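Below is one structure; the comments refer to it alone.
Letters A, B, C and D mark the chains as written, and numbering starts fresh at 1 in each.
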Amino acid sequence: MSVDLSVKVGSLSLRNPVMPASGTFAEGLDRVIDFNRLGALVTKTITRELRTGNPLPRVVEQPDGMINSIGIPSKGIDHFIEETLPLYAQYSTPLVVSISAPTVEGFAYLAEAVSVPGVAAIEANISCPNIEEDGKAFAMSPKSAARVTAALRRATTLPLWAKLTPNTGDIAAVARASEEAGADALVVANTILAMAVDLKTFRPSLGNIMGGLSGPAVKPIILRQVYQCARAARIPIIGCGGISSAEDAVEFLLAGATAVQIGTASFVQPDALLRIIDGLAQFCAHRDIARIADLSGALVVEESDEPDMAWTEPAQ
Amino acid sequence: MPEIATVISNRPIASDYRHLILSCGALAASARPGQFFQLLCPQPVGEKPFLRRPMSVYAVQADPCRIEFLYKVTGAGTRGLATLQSGDTIDVFGPLGVGFTLDRQWRHIVVVGRGAGLATLAPLARAAAELNIRVTAILSARRPDLLVSVDLFQTYGADVIGVTDAEATSGPANVEKVLRALIAQDSCDAFFTCGSARLMRVQQRLAHEFGIPGQIALEQQMACGIGLCYCCVRDFNVDGEIISRRVCWDGPVFDLAEAMP
Amino acid sequence: MSVDLSVKVGSLSLRNPVMPASGTFAEGLDRVIDFNRLGALVTKTITRELRTGNPLPRVVEQPDGMINSIGIPSKGIDHFIEETLPLYAQYSTPLVVSISAPTVEGFAYLAEAVSVPGVAAIEANISCPNIEEDGKAFAMSPKSAARVTAALRRATTLPLWAKLTPNTGDIAAVARASEEAGADALVVANTILAMAVDLKTFRPSLGNIMGGLSGPAVKPIILRQVYQCARAARIPIIGCGGISSAEDAVEFLLAGATAVQIGTASFVQPDALLRIIDGLAQFCAHRDIARIADLSGALVVEESDEPDMAWTEPAQ
Amino acid sequence: MPEIATVISNRPIASDYRHLILSCGALAASARPGQFFQLLCPQPVGEKPFLRRPMSVYAVQADPCRIEFLYKVTGAGTRGLATLQSGDTIDVFGPLGVGFTLDRQWRHIVVVGRGAGLATLAPLARAAAELNIRVTAILSARRPDLLVSVDLFQTYGADVIGVTDAEATSGPANVEKVLRALIAQDSCDAFFTCGSARLMRVQQRLAHEFGIPGQIALEQQMACGIGLCYCCVRDFNVDGEIISRRVCWDGPVFDLAEAMP
């Protein structure tokens, strides 16, 4: 049985729902996998200026994932447009460019600057500190998420994806605010703020003290957030967090995602993206599911399954 | 591409060191000296090495294809490697990175290594021999029994000078004396080094003083091993400017003059 | 070398810093471990009324932890005072009673009701839905955390511990607010909201759809929150989340905790509490640390280690 | 207390069923029929059973102390159990829970089980024999080769009646016919059952009709196994009131009349 793996993220058609997560993908991966098989390509987040990234060590392993504090080393927007972008012209796969900036104005500038031929969509990494709000990430609050999304919306006509942070207390509200401000899709989510201590030295394991947890350990948390966002917003959700198998990806689709991004899994298994694409086709074929798009949001939830609000009606 | 290799043997050779020989495909067996593999280590009891572990190629063989590693058991990943028995399989990914380069003009190179760094340098001896370049290897360790790759160096005709902490011969002052002697007798067209920042500095100084080229294999913690994650960066001094480079992608072998501790 | 394991949580002295986490401990555990060896005993959260808890299934396993949606089945406060409390009179270990209610008034009522001889401290589980705030947990916002804590403070003279939720976007602010409102210590934290999907049935794995993740998977996230709270508040922090070994406990102490609670680990290893106590003594002995209290907050953080706010000073 | 037991053998016995024999301490070997253990299962390749798995005691032996389990390989945990080889160790925690009780007055009991439930009921045959109580065991399975504990029942003198889906003898109607015959010939002082809600209902009806007592061993997913977590609750009908009880602590053996499917 041949399965139709194609999905639509807003106006953008993808040959399948599987793409890399920003910061875990670069040109060099083409030695391992055929980029023309992927649903989309997603760049490492780029910034306007040159940035060096965080102090070492930048990574510490966990039993089921890793914490990174790479930061956003970036050669700047000009280098990206002149050197990196042309490298992707050879692939038929849509290129999504991840951008970030510490101010609303900086974000808008970048969105305009990357709205050039060869770029299929913009992913706004709004999980980074907003210096106009005391260093809190834009996506920590519905208000600042809306403000930056609206500015981005004005700055570009390309499809605009907002990448949310899982560290907020109310991701559903942030999702709704981003949608209302003009986002075409939501990437749910970035890494979860975490920490580890080196017991040999009594120091933090990371040069930056705290970093972002990714990998299988975060899957159940991010899956919950995908479910919450999918119920709160009508625009497509791209699930991202701890996916390392086709089965994981199916959980995200059922919970409401239209597509998925794969990050840390590619470090462990460099051809993880292809394994997941093949696995999804098999999963559907075994169950006579003709179109993978039919899985999105197909979670069976009965009335009686609705989250218990028993508190509101205390027993006698 | 990652491939599943089969363990031929995995013997302890000295203290915490083990020698792993795998049967593999032609690609893996094409690894050049200084290149490395990302090994997916088995889980030792109660531990879970999540990321792959970088390991330099120690030796290769074609027909049948073999790849060898020499590793020191230090943490969860290498403890996992130590559990491998012949017949077991292991997922290996490589060869990766930029290895050493040998200039056919050279007649005599000097290799200076310490600790597990000896494993990284060992295959140079064979590559040099194939180009008729003589090798003097100054191998450093805490104790004589930890001079782990002496045999392999000697098999390929290298002159081995062992220096150890135990014998108080491994200090920078003594190594510098030995190196100066080699330079004086015109036996040092290039430096190759791995495994010691102190010895690196000695060579950098001499390389600068005598205009001798050099290459250094550097280590850094890795996640992806193929240039994606930027966790393995190190700083390099390129004509006074500090430049950050990825050890897995731009190296692990770099110009000795530009390396920083 | 004999190590002094005793710690003080505010005015309360504990023979060692190790106690069970609420809801993972009950009388029956005395068949496995000697309660008189523990730092404290902590009851399952009790409510004023009878409650039945959530629909089945109530637990789903994860590779490094579990998600539970037990809810708070409770036989009510009267049953607790009459039947359960007397059972603990036989132990010399201080008893901490966990309480919860859906309203500020309900919380205050319970605090007063459990302020009886035999109770050494009250742990207010303010991670539960507040019906006066749209079902959001009290500990989701500094304001409602402060309101309920202040009411609790007025209702009892017993040491008052506030148990925070990790699902908020700003746990440090909640910690500060609870301290200012009169809490004597903070338990950081409860479970992280999570989800899993059953791929055989395409249904949520839990009857309640979402549940709380606990176990090793949450450790790096909760450790970060302990560090943040310890820097934000001056009252003692009790770390709780994913601790399953003495080494894990030491990480929490170094990050700023005064004591630790152990939950899920007891399900996997019923004598986990004792193993951790013994392990802590060994850890200290091996390193010539005479008093375990000296480990609290002893993390070595250098100036240059401070979290990178490079965004605020963009490179040129 | 959890203890580390040693595997004596772990043989496949039918389709997905395996029989595990462990050498253990006196406490574990004191397990009574219907009690269970929480087993910390080894990790099969690529899977990580995090929680312990409940398993009924299948047989015990004193001097040397042995505990036996009969399990069906269904998921990650039991796949992990299946990897155990003789000489391996496994962390077992038990005996736990409330087992079956036998009344010395009874002369003849009827045991009705299905699937893995047969393992739970098997040790009853021995306990009954020791009290000179006769046992008729109606054992149900999909196919005759899945009637896994027939031998053990027979060793202790039970009359075994196998019923299977394959032979179309396992339906409630046929089982009811068999049970009515036993009741008619006064061979049913009590019912014991495990493993089938359909067969439970048949027995509940007959028990009520004829005033026969009964006990049922129930299963429910567990985390702690010792009454701490309330994840293993089931509802019971106690004189018309619905009561929630913990299978691990209040059971796993309950009054047949109060059980609900």
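Here is the rule we go by: a residue touches a chain if its C-beta (ideal position, glycine included) is under 8 Å from a C-beta of that chain, and two chains touch if they have at least 3 such contacts.
Keep in mind the model is a prediction, meaning the values are calculated, not measured.
Q: What is the touch distance from chain A to chain D, in steps?
A: 2
Q: By mean C-alpha position, what chain is farthest away from chain C?
A: B
Q: Could you please state the distance in Å, as a whole number, between where the Cα atoms of chain A are centred and where those of chain C are centred?
A: 31
Q: What is the distance in Å between the mean C-alpha positions of chain A and chain B?
A: One centre to the other, that is 37 Å.
Q: Averaged over CA atoms, how far is the centre of chain B from the centre of chain C? Could you give it in whole Å?
A: Each chain reduced to its C-alpha mean, chain B and chain C end up 48 Å apart.
Q: So which bits of chain D are touching at least two other chains?
A: none
Q: Going by the touch rule set out above, which residues of chain A reach two or more other chains?
A: Each of 52, 62-64 in chain A touches at least two other chains.
Q: Building nodes from the protein chains and edges from chain pairs that touch, which of line, ring, star, complete or other describes the result?
A: The chain contacts form an open line.
Q: Chain pairs that touch, all of them, please.
A: A-B, A-C, C-D
Q: Hey, which residues of chain C end up touching chain A in the complex?
A: Touch list, chain C to chain A: 47-52, 54-55, 62-64, 67, 69, 71, 102, 128-129, 131, 135, 140-141, 167-170, 192-197, 199, 201-204, 207-210, 213, 216-217, 219-221, 223-224, 227, 247, 250-251, 254-255, 298-301, 304-312, 314-316.
Q: In the complex formed with chain D, which residues of chain C make contact?
A: Interface residues on chain C, with respect to chain D: 23-26, 28-29, 31-32, 44, 52-53, 56-59, 61-66, 68, 70, 73, 215, 266-271.
Q: For chain D, which residues are in contact with chain C within the complex?
A: So the residues of chain D in touch with chain C come to 1-2, 40, 48-52, 93, 220-221, 223-231, 233, 244, 249.
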